[in-house]
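Since the structure comes first, as C-alpha cells, the remarks are kept for the end.
Chain IDs A, B and C follow the sequence of writing; residue 1 opens each chain.
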Amino acid sequence: MAVGLTLIFGVMRVVNFAHGDMMVWGMYLAWLLATRAGVDPYVGFAACAAVLFVLGLIVQRLLVDRIVDAPHEMQILLMLGVALVLENAALVAFGPDPQRVRSPLRAATLWLGPLFVDVARLVTFALAMALTVALYLFLQRTDLGRTMRAAADNAYGALVIGADVRRVYAAAFGIGAACVGAAGALVSPILPFQPAGGLSLSVASFNIVIIGGMGSLPGAFLGGLLVSVAESLGAVFLSPSMKELVSFSLLIVILLFRPAGLFGRAAT
Amino acid sequence: MRWLLAAALAVLLALPLVLSSYAVTVFIFIFFYAFLGQAWNIVGGYAGQLSAGHAAFVGIGAYASAVLSAQAGLTPWIGMLVGGALSAALGTLVGYLGFRFGLRGFYFVLLTVAFAEVCRIVALNTDAVGGALGYYITFTGNPRQFQFQDNRVYYYIALGLMLVATAVVAAIERRRFGAYLIAIREDESACEALGVNTFRYKMLAMVVSSFLTGVGGTFYAFYLFSLQPNSVFGIPLSVEIIIRPIVGGAGTVLGPILGSFILSPLAEAARVYLGQGGWSGAHLIAYGVLLIAVVLFLPQGAYPALRRLWLRPTPR
Amino acid sequence: MPVLLEVSGLSRRFGGLQAVHDLSLSMGPDEVLGLIGPNGAGKTTAFNLLSGFLAPDTGAIRFDGRSIVGLPPHAICRLGLCRTFQIVRPFPRLSVLDNVRVGALSRRPRMAEARERARAVIEQVGLGAKIDQPATGLTLAERKRLELARALATEPRLLLLDEVMAGLNPAEIEAMVALVRGINATGVAILLIEHNMRAVMSLSHRIAVLNFGEKIVEGEPAVVANHPRVIEAYLGEEYVHAPSG
C-alpha cells in the first residue's frame, strides 16, 4: 500500500492525499465481489486492482495532469478534494458502519514453529510480498518501468530523451492506485473497514513512506515493516482507542526528524 | 467599491429586524464561518502555509471557555481570551515545530492534521471533559455567561467577530507584515535573501490566526451548547474552515466572506434536503468537487475573478 | 585600502566532494571582483556560503569587520550583503513594483517610503515601463533586471551577482554591463560570478579564478587572462586575449 504512494510521489512529485480513501474503495469493491459474486478476496484482488487502476488513470488524466506544474498548495488542495469526494461517496453508497469480508481462509490457522499463525494474514503477507517483488521487477526490467524511474530522477531529462512523460505519469498513478486497490482487497478479510477509515490509512501510508523515504521503493517496504512493528508494540502497551494516537504521534515525530527518510530524496 | 461595502454593511445590520428566526440562524452560520475562514486566511491564504488542522484551535478555545465557565465560574467574555491564548499556545508549538524543522507544503499540512487528530483523540479519552459523550453546557440565557435568549444577539456578535477578523486582515495587508507574508507564500528563499526573517513572520501569522480561531471556539461552545470531540476537533470542521477562503479567494480581504456567503447557504440547503437517510456526507462530496473545480479553473478564488469582471468594462 | 569583505580558509564539502577548499579573498568597498572558473568550480557554493544559505565547515568570513558565519541569510542581507540567484526567482504573482518593494521594505519598514524607494530603483535599472506588470510576463533580460533591482532595493554595500548575464543576447549583455558599472559607481561593491569573459574583463578591477573549489589565480584582468594555469583550467575554452574594455 505504501509502495503505491511512494511510486506516485517519486515519479510525479505529487502527493496523493486520496490514497487512504482509494484503499477504502478497494476494500468495498472486494466486499461487493465477495457478497454479490461470491468471489474470495484472495482471488478477487486482481479485479479490485484493475478497477482502481482505471480509477487512478481517470483521476490522473482528468485532474492531476493539469496541475503537475502548479504551485504545491494547489496540488494538495486538489488531492484533498478528491479524497473528500471518494470518502463521502463511499459514505453515501455504503453507509457509515464498519464492514468485514468473509473469507473461507479466515478461520483457518496454522502452527508455524512456536507461533500460532492466522492463515489469512499469512496469505495476505505472501501475496503482498509477491506483488511488491513484481512491481520492483517491473521497474527494473521493463521499458516502461525504466522510463518511470528516469522520470522520477529527472523529469526534464526524461522529456529530452523522448519519453512520453504524460503516459508515464498516467501509468505511475494508475499502478499506484492499483497497488492500493489490491492492498485494500487483501486486507479486507482481516481489518474492519468503514468510509471514515480513509484518513487513518492515509496517515499510515504517509508514515511509512516518509520513514522509508519518499520515492524509494525499498524504503517503502522497510518503512512498512518498521511502522507495523511500532504500531503493534503500541497496541500491546496502550488501550485500543489510543492506538490511533500512536500513529499520529509517530507521524509528528517522523515529520520533524526525517522528512527525507532513510533511503529517499528530500521533497522540493 | 467603498460605498458598495458600506451599503452591504448597513443592510446586514438591519436584517434581523425583518428576518425569520431560521434565516437569522443561517446568517449566523455565514458570519461565523466567515470569521473562522478569515482567521485561517492569515496563515493559510496570505502566508501560504496550508493548515488543515485549524479545528484544533476551535476545539481548544471551546473546551477551555466551557470548562472554565462551568468549573470556575469564569465568564466566557474573559474565557474567550483564555481560550484564544491557549489556542495561540498550541499554534505557537505547531508553528515552531513546523517552521524550525523546515516543514513546507505537504509536510506542514500533515503536521497540522496530526496535531488536530491528537487533540481529538485526547479529548475523546479524557473523561474530565466528557470523553466520547461530549461536554454539555447548561442553558441559562444569562448574558454574563455569554448566553442569550434571543437569536439576534448571536447574530450581531457573529457579525462583529467577522468584522473584527476582516479588519485585522485588512490592517495586515496594508502593512509590511502583509507584504512579507505574500512574498513568503511566493518564494521563501528569495525572501530570506532580501532580508525577510521568514521564520518570525510565519510564526506571527500562526499565532494571530490561532488566537482568533480560539476566540471563535468560545462562540461555538456557547451557541451550540454541546461539544463533541469528533465534531469540534474533526477534519470536517477543518475542511469547513478552509474551503470558504479557498473558494472565495485565499489571500484577499473579502475572499473568506464571499466564500462563506456562497457556501454556507448551500451547505445548509444540502443539510436540510439531503441530511436525512444515507446522504449525510453528500455536502462534503460537493465540497470536494468544488475544491477540485477551484484548483483547476479558478485558482485564485471567486473574488479576484469577480473583481476582474467588475473592472474590465472600465476603459483604462 | 579599507576592507569590506574578508574571507579566509573557507571550506565546505558535500559527502565525498570538496566543493570549496581553503578559499581566501578580500574586497574593498568600491571594487568589482570577478569570480570565474569552469562549471562546478565551486563559485555558486561560495556565494551560498557568503550569503548564509550554507554553513562553512571551516573558515572565517568578516563583513565590515564583523564575522557573519552562522548568521541566517536575512540577517546578512540586513548587514548590507545581498545576493541574486543564478536562476532568477521573481515572485511570480506579484507586479514588478511589489517585487522590488519587498527588497525595499528591509530598510524602509513604512510601506509608502518603501514604495518610493522601489520606484527609484526600478527607474535606475530601466524597468520603469513595466512597473505594474506581473513578474511572469517579463522577458528573461527583464527578469534579470528585476532580480537586480530587488537586491539593489535592500541598499547593499556588497552585491553578489550570480551569472547575471547568462542567457542574454549581446545587446542585452552590453546594457547589463553598463548597468552594473553604473551601480558600482554609486558606491556598491560587487562580487560577480560570470562566464561571459568580455563582461568580466571589462567590469572587474580584479579577478579570482576558481577550479575544483580552490582559488588558483588572482589579479588584474590582463594578468589573469594570460595566466597559464587559467588557460589550463579552461582547456578548450580559450579566452586568451583581453578585449579592449
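Operating definition for what follows: a residue touches a chain if its C-beta (ideal position, glycine included) is under 8 Å from a C-beta of that chain, and two chains touch if they have at least 3 such contacts.
Because the structure is predicted, anything quoted here is derived from the model rather than measured.
*Asks:* Can you list every chain that touches chain A and also touches chain B?
*Replies:* Intersection of chain A and chain B contact lists gives nothing.
*Asks:* By mean C-alpha position, what chain is farthest away from chain A?
*Replies:* C
*Asks:* Quick check for you: compute each chain's CA centroid and the global CA centroid, then name the chain with the smallest gap between them.
*Replies:* When every chain is reduced to its C-alpha mean, the one closest to the whole-protein mean is B.
*Asks:* Can you work out the whole-Å distance between the CA centroids of chain A and chain B?
*Replies:* Computed from C-alpha means, the inter-chain centre distance equals 32 Å.
*Asks:* Which integer distance in Å separates the CA centroid of chain B from that of chain C?
*Replies:* 44
*Asks:* If you average the CA atoms of chain A and of chain C, how far apart do the two points sit, in angstrom?
*Replies:* About 46 Å, centre to centre.
*Asks:* Using the touch definition from the top, list the residues of chain A that touch chain B in their complex.
*Replies:* Residues 15, 63, 66-67, 70, 72-74, 76-78, 80-89, 91-92, 95-96, 195, 199, 203, 206, 210, 239, 241-242, 244-245, 248-249, 251-252, 255-257, 259, 267.
*Asks:* Over in the complex, which chain C residues touch chain B? Could you list them?
*Replies:* 51, 53, 72-75, 77-78, 82-85, 89-94, 98, 101-103, 105-107, 109-111, 114, 150-151, 153-154
*Asks:* Using the touch rule from the top, collect the residues of chain B that touch chain C in their complex.
*Replies:* Going through chain B, the ones touching chain C are 174-176, 179-180, 182-183, 186-187, 189-198.
*Asks:* Contact residues on chain B for chain A in the complex?
*Replies:* 48, 50, 52, 97, 101-107, 109-111, 113-115, 117-118, 121-122, 124-125, 235, 239, 246, 278-282, 284-285, 287-292, 294-296, 299
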